[in-house]
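Listed after this line are the structures, all set down as structure tokens.
Look at the two complexes coming up: chain A is in both, with chain B in one and chain C in the other.
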Partner chain A sequence: MKSSKFKGWLYLLPAILFLGIFMVYPLIDVMIYSVEEGYNFVSQTSDGYGLFNYSYVLHDPYFLQAVKNTFLIVVITVPLSTGFALLVALALNSIQKLRNLFQTVYFLPYVTNTLAVGLVFMILFKPTAYTDGMVNLLIQFFGGEGVDFIEGPYWAKMFVMCFYTIWVVLPFKVLILTSALASVNQDYYNAAKIDGTSKGRIFRRITLPMISPMLFYLIITGFIGAFKAYSDEVALFGTDLNGAGMNTIVGYVYDMLYGTAGGYPSYASAAAIILFVIVLTITCINLMVSKKTVHY
Partner chain B sequence: MKVVLKHLTKKFPNRNKKIGGDVIAVNDFDFEIPDGKLIGLLGPSGCGKSTALNLICGLLEPTEGQIFFGEDEVTNLPPEVRGVGLVFQNYALYPHMTVQQNISFPLQNLKGDKKLPKEEIARRAKEAAKLVQIDGLLERKPSEMSGGQQQRVAIARALVKMPKVLLLDEPLSNLDARLRLQTREEIRRIQRETGITTIFVTHDQEEAMSISDLIVVMKDGMIQQIDEPQDVYDDPVNLFVAKFLGTPAINVFEGEVKNGRLIIGEDDVIAVPGVADRKVYVGIRPEGLEPDPEGSFRCGLVNVEVMGRDTSVVYTHGGAISENLRAIVGSGKRPAKTEKTVNFRPDPLKVHLFDHETEERIRF
Partner chain C sequence: MRSDTQKTYAEIERSARTRRRIGKILTYTFLVFWGLMVLFPFYWMVLTSFKSTGAYNAEFVPKFYTLSPTLENYAEAFTAVPLAKYFLNTVIFTLATTGIMLVVIILAAYAFAKLEFKGKNLVFTLFLALMMIPGELVVITNYVTITNWNMRNTFWGLILPSVTSVFYIYLLKENFAQVSDDLYKAARIDGCTDLGFLLKVMVPICRPTIVTVIILKVIECWNSYVWPRLITTDQNYFLVSNGIQQIRESGFGRDNIPAMMAAVVVISVPLVVLFLIFHKKIMEGVSRGGTKG
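Let's turn to the complex of A and B:
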């Protein structure tokens, strides 16, 4: 009995070691950092413990801007990208001809290099010495006034940001939803058809509940992914996100650690913990809502 | 409501383009199902039974032919206006809805002047649930019920809108043996109580024989025989039907008719008056062989399996084609296990002759 218990722990050891070193230890360390006041990076000493770091971060206008940006991105891109993905998946599911072609086309962004994607967006949106960018040319063609999407007004930058994010996350969601739709047993639709169910009702009462677990999975991971947004912002606006007014919470954490004004692990840790609490709260709310609406 | 099929044919394009040509799933169905009867569509897998059912309910469009419900042609009508109820092989109950919601679902679809008030929907759902005896389980989800209970819910859902025709696709194949017996009685009872013309598809001959008013035996998309269960068994039109019906299966031999006598192997078995000399297939029902020391049919004895009421005698014979030869005899007449041979006296009524080429029945 005793030896089998020992064996069990032995088998778990690789996973425990790995998770412990790379997940649990850093998490605890970050929590400790976030409450150490006046921490000195060089001497590894601090003046004591307290909540000053949190108070500093929460009063930092750059952090507040980052929180605002992050929330905007989350609130706009998660519902829109999921909705678009559902529409595309439904359309893909309902066509017979050229289905594989369209499926491939919609999946292309997923396998395309991020830098190449960034470049394409530059050509579309960035005004240079030679051209105003494709989108601006289009706006001007229809008689509108061009706008600098990369260095112009906040709403224009936010628009490009959300457009980019949705475009990047769409393929994966389309893929998941297409397979979810395809896995719904055709008999349910036949049964509904014989009972004279209208198309809208079939969608609401049968299709949606049937794919709800997958939809829910996409919403949860979508929320978490959007809260962790950073690299896409850098791809569009460069590394000085504070200067561009387009920083995110993760970007703020990074800047506090390594940025030009960096070297403040305590502030970075406090911001990271705040992000952690936000994501945890949202995910808990999601889970509670899902209990009523998701059918496994 | 009687159902009339006129030259109903369904062809599917062959997926293998090299071979080309169409696959004919249902070939020239032409028969009438009388009002209020329970019909069994019987055949081996892939013979087109389910296709025929899907044609009748409107999920598939026929390539040729017509379908009438009563006097009205429904060939080109969509399924929802035909007034059919269909029970799927896997029941297709919506897993996220309760029993009550599942049964009410077809009624909630009604629109316009057919629209029903909520209380009426609830009342009818309750009534349908009562008919199939699941009115105590209305709040359950399908996953919380046994296979038999799910089956009843599926039937209730098909019945709740009072269809003109009820269609059942392999209704018992997902149930265990005991439940199958019980449920088939249940289907018979419900059909009698409602008087709805019912067509059910099965590959299980015992199931078809036990509850159908009429059996339609199919093979490769073609109707082989339409008759009452006992007649199909006693009077098969060809070798396929004879082999397909009956457990244990009919014993098949290669034989020859000479001067009005049937010869199997070296045995001069019975007189077959009026049959010209020719090679034949001989089918003998297991219950048509009675052990008799003087019997004309001389066989080797393999085993004697006691089953209580009667006994199954496993035997061999030189002219046999079927692999397992069995005779069902009364317990009192069973041969001793120690014997090496056994002689039978065949009952001429249980002996069927079939043409060696066409496998059609030769009557005598």
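Let's turn to the complex of A and C:
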């Protein structure tokens, strides 16, 4: 049995090696980067240590714009997508015929390349020299005034951004909520029916508490996901997100690292750590709220 | 309450039925509406890809059908940029990453589930702690590491950072742990080696979980964009996501939208086909172990 002592480590070796090089080491390294001042990527030297990188990032108008955009996306899309997903899941749960078909169709966006489908959204929303675009024609048909959703005013860009984000995240949420609803014990509903409980009351007193763990799971992962928004923005507005005024925090990190304004791993690190702190804080708040309200 | 008691039973029954029917109609209308919202972009992309460029540009009000479908956009998409090459790169990247990852995580999950060694629980806890680390935090150093190793614009540079996943190790370990220890002891007494037991007994028993992991990883690989964008500047190593982005920004996507849509259709087809075949499996897998959004 002596050999098995090493055998365990031997089996773990590849995982430890890869995690060590690409997870643990970078984690330490990124903290060092973020406090190295005047780091030069080519010579890999720095002037010393300090908090200048953080102060630079926090005063960078592009970063502040990115923070504003990210918070707007989070605040708008998380409640809307979760609420709408709940509505869809409730509707799905109340029917028998065609339920599987609807479920399958609703899930389709999950498996598609968001970058590719984002381009379809772009051409639907964007006026060109030849056409005002599908959506604008619809708006004009109902008597409204068309607007360039891709290169136009900020609110229009934010609208299409949030709309697309919700479209992308909905499949996952609908799937989770539909299975959560289906797993609620039918006895509760039957008992409530015999007691003549109203539908609203059944929803508030039975359905909501029973699915609340899943609902909170979705809200927490939704927050985390929305804070990391990036490739959906690229799909709609292209890689020059700063130019479009639609950058996100993650986008800022990547732009600092690479791209036209790139080559500043120190600034990128500082921004990434700021993002991590924000996400951690919000997640902790979420967990605290859920402890108080979720019924397990 | 009084008016209710004055109604006959048949009246109450009838009004309840009408209400139920209206509710049902409303529910179905809502579901069909959202179904159309989901499918419309897909329909639009396929439709546009079959319209000729001239016809597309001539339609101020876009038509919802085309009477003269053409394949010229597909020809254009494949010749104007090395789309077939991007496609092949993505297939290689997806298969290699998934394959290597499977070896790594199966070995690790087995060690955690069945082997006894000092420090196992501590290592497992450390592994779980790593799950909280967002990829955005480590991508910076990984970019520098890969650059220092001269692995930019190589397949290894694309593949190596994404061949482990703590989450999948955890998922698989839970499943492995359910396999009875008696089976393990019996096999050992019969002279079966650990590796033999793993390959001949554990993997077949836990196949459903492994298939789930494979499917999730394949989807992730096919759609990955950020890391490949950082690490490849040479078109010969572009993946489909980077290819499509480049087409849009500096390629023919600027003025030839039907051709761009043809490219979009081409890169979307593999996963949609995969989904149509395995939709049950995929949806099961995602509800068990997926995170997104």
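Throughout what follows, the second predicted complex is superposed on the first by the 274 of 296 C-alpha atoms of A that agree within 3 Å, B and C clash if a C-alpha of one lies under 4 Å from a C-alpha of the other, contacts with A are read in each partner's own complex, and residues count from 1 in each chain.
Convention: a contact is a pair of C-beta atoms (placed from the backbone, for glycine too) under 8 Å apart; a residue touches a chain by one contact, two chains touch by 3 or more.
Note that the structure is predicted; figures quoted are calculated from it, not measured.
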item: Fit or clash between chain C and chain B when superposed on chain A; value: fit
item: Where the C-alpha centre of chain A sits as vertex, the angle toward chain B and chain C in the overlay (nearest 10 degrees); value: 70
item: First, second, both or neither for A:Met210, with chain B first and chain C second; value: first
item: Residues of chain A touched, compared between chain B and chain C (which is higher); value: C
item: Which of chain B and chain C A:Ile194 touches, first, second, both or neither; value: first
item: Touched partner set for A:Leu137, first chain B, second chain C, both or neither; value: second
item: Contacts of A:Ala270 with chain B and chain C, given as first, second, both or neither; value: neither
item: Touched partner set for A:Val279, first chain B, second chain C, both or neither; value: second
item: Touching partner for A:Ile150 - first (chain B), second (chain C), both, neither; value: neither
item: After fitting on chain A: smallest Cα gap, chain B-chain C, Å; value: 8
item: Doubly contacted residues of chain A, that is, touched by chain B and again by chain C; value: none
item: Interfacial residue positions of chain B with respect to chain A in the complex; value: 57-59, 78-81, 84-86, 88, 90, 92, 94-97, 105-106, 109-111, 157, 161
item: Residues of chain C touching chain A in the complex; value: 23-24, 27-28, 30-31, 34-35, 37-39, 41-42, 44-45, 48, 56-62, 103-105, 107-108, 110-112, 115-118, 120, 123, 127, 130, 133-134, 136-145, 160-161, 163-164, 166, 169, 194, 219, 222-223, 225-226, 229-230, 240-241, 244-245, 248-249, 253, 257, 260-261, 264, 267-268, 271-272, 274-275, 279, 282-283, 286-287, 290-293
item: Chain C contact footprint on chain A (complex, rising order); value: 4-9, 11-12, 14-16, 18-19, 21-27, 29-30, 33, 41, 81, 87-88, 91-92, 94-95, 98, 102-117, 119-121, 123-124, 128, 130-132, 134, 137, 167-170, 172-173, 175-176, 179, 221-222, 224-226, 228, 230-231, 234, 238-239, 250, 253-254, 257-258, 265, 268-269, 272-273, 275-276, 279
item: Contacting residues of chain A [partner chain B, same complex]; value: 185, 187-188, 190-198, 201, 205-206, 209-210, 212, 295
